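Have a look at the structure below, then the notes.
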Amino acid sequence: MRLQLSRGQVDSDWKHEVERRLGHKSAECYQCGKCSAGCPVAYEMFHPVHAMVRLVQLGRMDEALRSRSQWVCVACETCSTRCPKDVDPARVMTILREMAQEHGTVNANEIDIYDFHQSFLSSVARFGRVYELGLVAFYKLKRPFKRGPQDMLTGLRMMRRGKPGLLPHKIQNVAAIRRIFERTRLAKSSDRKPD
Amino acid sequence: MSQPESTFEPRITAFVCTWCTYAGADLAGTSRLKYASNVRVIRVPCTGRVDPLFIIKAFERGADGVLISGCHPGDCHYTAGNYYARRRWIVFRDLLLYLGIEPERLQFSWVSAAEGGKWADLVNDVTTRLRTLGPFEGYRALIGASQGPIG
Amino acid sequence: MKLGYYPGCALKAHATSLEYGIATDAALKSLGVELSEIPDWNCCGASAAHMTNLDLTRALNVRNLAIAEAAGYTDLLAPCPLCAKELCLANHEVKEDPKALAKAQEAAEMVYRGTVRPITLIQFLYEQRELVQRKITRKLPGIKVCCYYGCLHTRPKEAMGFDDTEQPVTLDQLCQILGLEPLEWSHKVECCGAGFTMSRSDIVARLTGRILAAAQLAGAEAIVVACPMCHANLDMRQGEAAADAGLGKDFQMPIIYLAQALGLALGLTPEQLSLGTHFVDTSAFVQRLGGEPQPAAAARAAEEK
Amino acid sequence: MSRIGVFICHCGENIGSVVDCPRLAATLREHPGVAYAADYRYMCSDPGQSLIKKAIEEHKLTGVVVAACSPRMHEPTFRNACAEKGLNPYLCEMANVREHCSWVHVDKEEATQKAIQLTRMMVEKVKNDEPLRPIRVPITKRALVIGGGIAGIQAALDIANAGHEVLLVERLPSIGGHMAQLSETFPTLDCSQCIMTPRMVEVARSPRIKLLTYSEVESVDGYIGNFKVKIRQKARSVDMAKCTGCGSCWQKCPSRKIPNEFDAGLLVPDPDDPKKTLGYRTAIYIPFPQAVPNKPVIDREHCLHYQKGKCGVCAKVCPTGAVDYAQEDVVVEEKVGSVVVATGYQVWSVGKAAKDYPYIGYGEYGYGTHPNILDGLQFERLLSASGPTGGRVLRPSDGKAPETVVFLSCVGSRDNEKGFTYCSKICCMYLAKHAMLFQHKVHGHGQSFNFYMDIRAGGKSYDEFTRRTIEEDGCVYLRGRVSRIYPRGDKLVVQGADTLSNAQVEIEADLVVLATAMIAQSDAEALARKLKIPYDKDRFFSEAHPKLRPVESQTAGVYLAGACQGPKDIPEAVASASAAASKVCALFSASELEREPVVASVHRAAPPVFSICYGCFFCERVCPYGAIEHEEFRDRKTGALIKTVAKVNEGLCAGCGLCAASCRANAVTLKGFNDEQLFAVVSALDED
């Protein structure tokens, strides 16, 4: 399929919204590839970091928001640290993660990563801190047959060393944390709608 | 041509123009390329300066092959000297046969000042070919008569 | 010296890295630093929140910063660099952008004036290196170590503002003070896979494999870290990492917290520093430290007992 | 009997480690005619040279052979050393035993044998060497500048301001060249005409510059310091002396539908009056309002008077009677001492130039025939305030303002198959400027795209400029080429690729601008033949050395300026023009000049033989320099012609030796490389 380029696309609202959150124009990126060169997980990406920025430049929203790349990004900041134009590609990836959730286009292949983040956050929302055992249980129970047996040995070894703790640490003002979650909820819905 | 290849080292006279091929051969040197030592280079301003008689003289004096190399077509320092040289050789080839010299013993080439590698390859190729072709015996008696034995 | 303390979930709540909390408490106490935990702190959100929701992570951290500010602390020690990075980044962003501050304050229902300076353990100890020098009772005898900073100790640069982002040296210098022999090596700041411990353990194995192999190549007897996430990833998955790297046998590379090394140099016992709870056996490392405590220090230690 | 000194250099280890230098010296010492032979560690050093000088005195040497590095390296060094001791420098030769021997051979015995032979060959040559004297020629301190674009203007002004007379020849009716056609210039965006026209006026005012417009160089004869040029002044049909440039003629001229060359043939419907088309000129015209000289010319091909014999309006309305239909071409002859070639470039027109070109162009772009596909120069005129639309960007098809404009880099450039292998160098920058100016003109209501292969913006503030186009003015750069352009409705569909995102892309454009290659003038070869200067495969004139002699041609006294040499932007063209001008001034700073005496000469003898040359003049036919003249020998008493023989003009001869090799009578010889010398060298071969 030939990509139709038009003013409407390369000057789209979506692109402007990405740039607004980013704080500068995506055109500042000159596609040198320094970000992708140092990315530790580039080998996992069909579109490495620079290509994700390119998708933004060309207003290719669907491809950008459905990509796996932003989900396998570890947020190590290597790209942003080295970017010669201060484009902050790590921030671009974060924005694309936010937007994929807003648009309900989280890549189905990386649902494990997404679920883990969600499990983590629901633990924080519930206790104010992470309850590790609860987080693991919650995460595994979302897909028990696939995730249940994973890392069993590691888990056992951890138990023998007295970690993780069995009981949650709950903070006093959990209500405040819940309200923070409420007020910062992503625009449309943070619920996952896998494609 | 009965001599075994290994013992026969041909003697080759090369007429090269000063602007392109001589400089190219210099470049082969500065690049420390290695090639056969059989060629003796004679520098002329332009291949257009090479009189056919020089070539016949070289064969007469014991050369087993002659190499002429100048600028690429269009690159002649003197605008068109190499074209004249080329045209002249087309006629000269017939004369060589008449004189009993195999035309394969005469090689024309273009080597620019930037082609050190090409020069080295050219010398090696010509040397190898002449080794196979064997010594030029045609004028041996002549040399014996006029100059005494060779070597 | 009294210091604001944000332990973060890793050191207190998830006990995966409990030993880091234990060792930090013990080592800083024997250094004479009193850690004062700020009240009712919440999780910084790393890495799930900062990966998926920028406003959320900013608000969570502004709440913690405001709590610290209200409690009267300027320096706020966050031994986990993920926490420290989130605190620093939020701090940096709300100072740069009044709108972001307003939004975060509203969400967190707290007012933050921007007076707090979150710092990592490396940064704190580096700033106090003369104190460390003075207080240590024995030198750790020249064990070859690779100092692994991980990705976030110095990044993002504008938020952390500490050490060099590509070739950091502060942890090396601290280790040198402790008597260790830090090696020059290639993977000081390469990522270990951070929050993918559970969700993409294959990525963690791949990345830690590279780091461990580089340390091994450099000739390290141990890797010194100051991050619970790095520790977990490097310590727990050495078998998988070795398999991923196509190596026949396990790395068996002890991963030591800076706090543990500091504690040992301050004369604490391996037990006090929870060195026995690592996946990779640290006893060989501890044995290499078998050098006698200095007589004066030994006497003082006996006296304290 | 020759007394030759042979000096063998070890060049440190460079020669000495492979060639047995002492043995070489010992062998040569036994060679007939060698009076002295020595080897030394560094012959080019002061002590080494002293060794030679001392030997010349002590052994009364009649010739010197230095076996060392390439003569291209140190021949002048050793020749100077000989000259200091009174030995004619041309009696000193070098045997190249480094580049041609020690550096390229491994076997020591083989290398030593070869070194012995090479040195012997040169000894035999020196035995036949003759003392030569440098040639001295006088200089006419007057320069010819060919081409009145920015390079020619700059060169002419520089030379004139240094106090020398200049003859500036321009083919078109006005000077100004391409630069006068440009709108704004990168990267500063200053208006081209604003900076250009003052220089044009300065040319017109300069008392030392003789300006010949509508003129072409017919022939160039002579040599450095002494050129004779013939210049054809084409019939302007207007008496320059009488014309005041009032404009009555072109206002009344009835032949009004001629596309103006100055506007690159761009024709645009007038948006204010649909019946009118902008971009035409009249048959009697000045190309543009600021033309220098500001006097019209009649385009006879389109003039009704010449074509149909009917009209005579201009002559009637001219208040000074300056129109002269009977005017004819005039050929003037001028003497100059040097020539600056500044003939510039032309813009390749896709497909259209197929007639005088072996290149076919781009069928996939419709050969550029669609009215909304422009070349860079046409878009330049569209942007220019002095252009047909007064600077409004309008589509040639319907006069509407385009919203989406697509720019294509490398149309013809860097295309081995359809165009030229080289990079035209200026396109990246001018396309960035075009996109920027377009965005400025439409105030954000437009969108531009630029297909590129590489952004080549090497130059002061150049990269920053292209980045500004992308980052601030929002031109979307797509890394890839375009495969096809075709119309759909009133739009043009542009199909291309963006390799950065691995995508085929398609854009519906209102206007497409092709950055077509910057190519040599179509008559470059003809001019090169007149000037006897070489040109490259793309017919750009070749410099004597790409790095060290960048503004000199291979022909002494002929210099190159601007884009006739290869693609150049304005600052580079100006810099090369000033460099060429300074070369001219340096030449003019002496009253006569010296040249290497490697020239041909024709045999002479006392009467009644005069010369063994029998006057076939085959040499004249082969000489690329026109250096062969005819000399007549006449009976002193009767004046009857006895013989016409060849004679070499030493000023013109460059020393190639073609004549010597071609001479059937063996009457022509090349000094320094004569038959005796070369036969001696060839014959030295068998003395193993």
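Miscellaneous remarks
Every chain is named by a letter (A, B, C and D) in the order it is written, and numbering of its residues begins at 1.
Just so it is clear, a contact is a pair of C-beta atoms (placed from the backbone, for glycine too) under 8 Å apart; a residue touches a chain by one contact, two chains touch by 3 or more.
As the structure is a prediction and not an experimental result, all values here were calculated from the model.
Ignoring chain A while keeping the rest fixed, chain connectivity by touch breaks into the groups B, D | C. Put simply, the chain closest to the centre of the protein, by Cα centroids, is D.
Compared on C-beta pairs in contact, A-C and A-D come out with A-C as the pair having more.
Distance from the centre of chain A peaks at B, each centre being the average of the chain's Cα atoms. Centres computed as Cα averages put chain A at a distance of 24 Å from chain C.
Centroid to centroid, with C-alpha atoms defining each point, chain B and chain C lie 76 Å apart.
One simple way to say how far apart two chains are is to compare their mean CA positions; for chain A and chain D this gives 60 Å.
The mean-CA centres of chain B and chain D are about 34 angstrom from one another, to the nearest whole unit.
Taken as a contact graph, with one node per protein chain and an edge wherever two chains touch, the assembly forms an open path, each chain linked only to its neighbours along a line.
Here the chains touching each other pair up as A-C, A-D, B-D.
Interface of chain B with chain D (complex): residues 11, 13, 18, 22-23, 25-26, 28-30, 32-35, 37, 40-46, 48-51, 53-54, 57-58, 61-63, 74-81, 84, 88, 120, 143, 147, 150-151.
Put simply, chain D touches chain B in their complex at residues 70-72, 96, 98-101, 103-107, 110-111, 113-114, 117-118, 121, 532, 534, 536-537, 554, 598, 622, 624-625, 654-658, 660-662, 670, 673, 675, 678-679, 681-683, 685-686, 688. Of all the residues in chain D, the ones that touch chain A in their complex are 403-404, 446-447, 449, 467, 470-471, 474, 476, 478-479, 495, 498, 500-508. Those residues of chain C that touch chain A in the complex are listed here as 9, 12-18, 40-43, 45, 47-56, 59-60, 63, 106-109, 151-152, 155-157, 165-166, 189-191, 193-196, 198-201, 203, 206-207, 236-237, 277-279. The touching residues of chain A, when paired with chain C in their complex, are 21, 40-41, 43-44, 72-78, 80-82, 90, 94-95, 97-98, 101, 112-113, 115-118, 120-121, 124, 128-132, 136, 139, 150-151, 154, 157-158, 161-165, 168-169, 171-173, 176-177, 179-181, 183-184, 186, 190.
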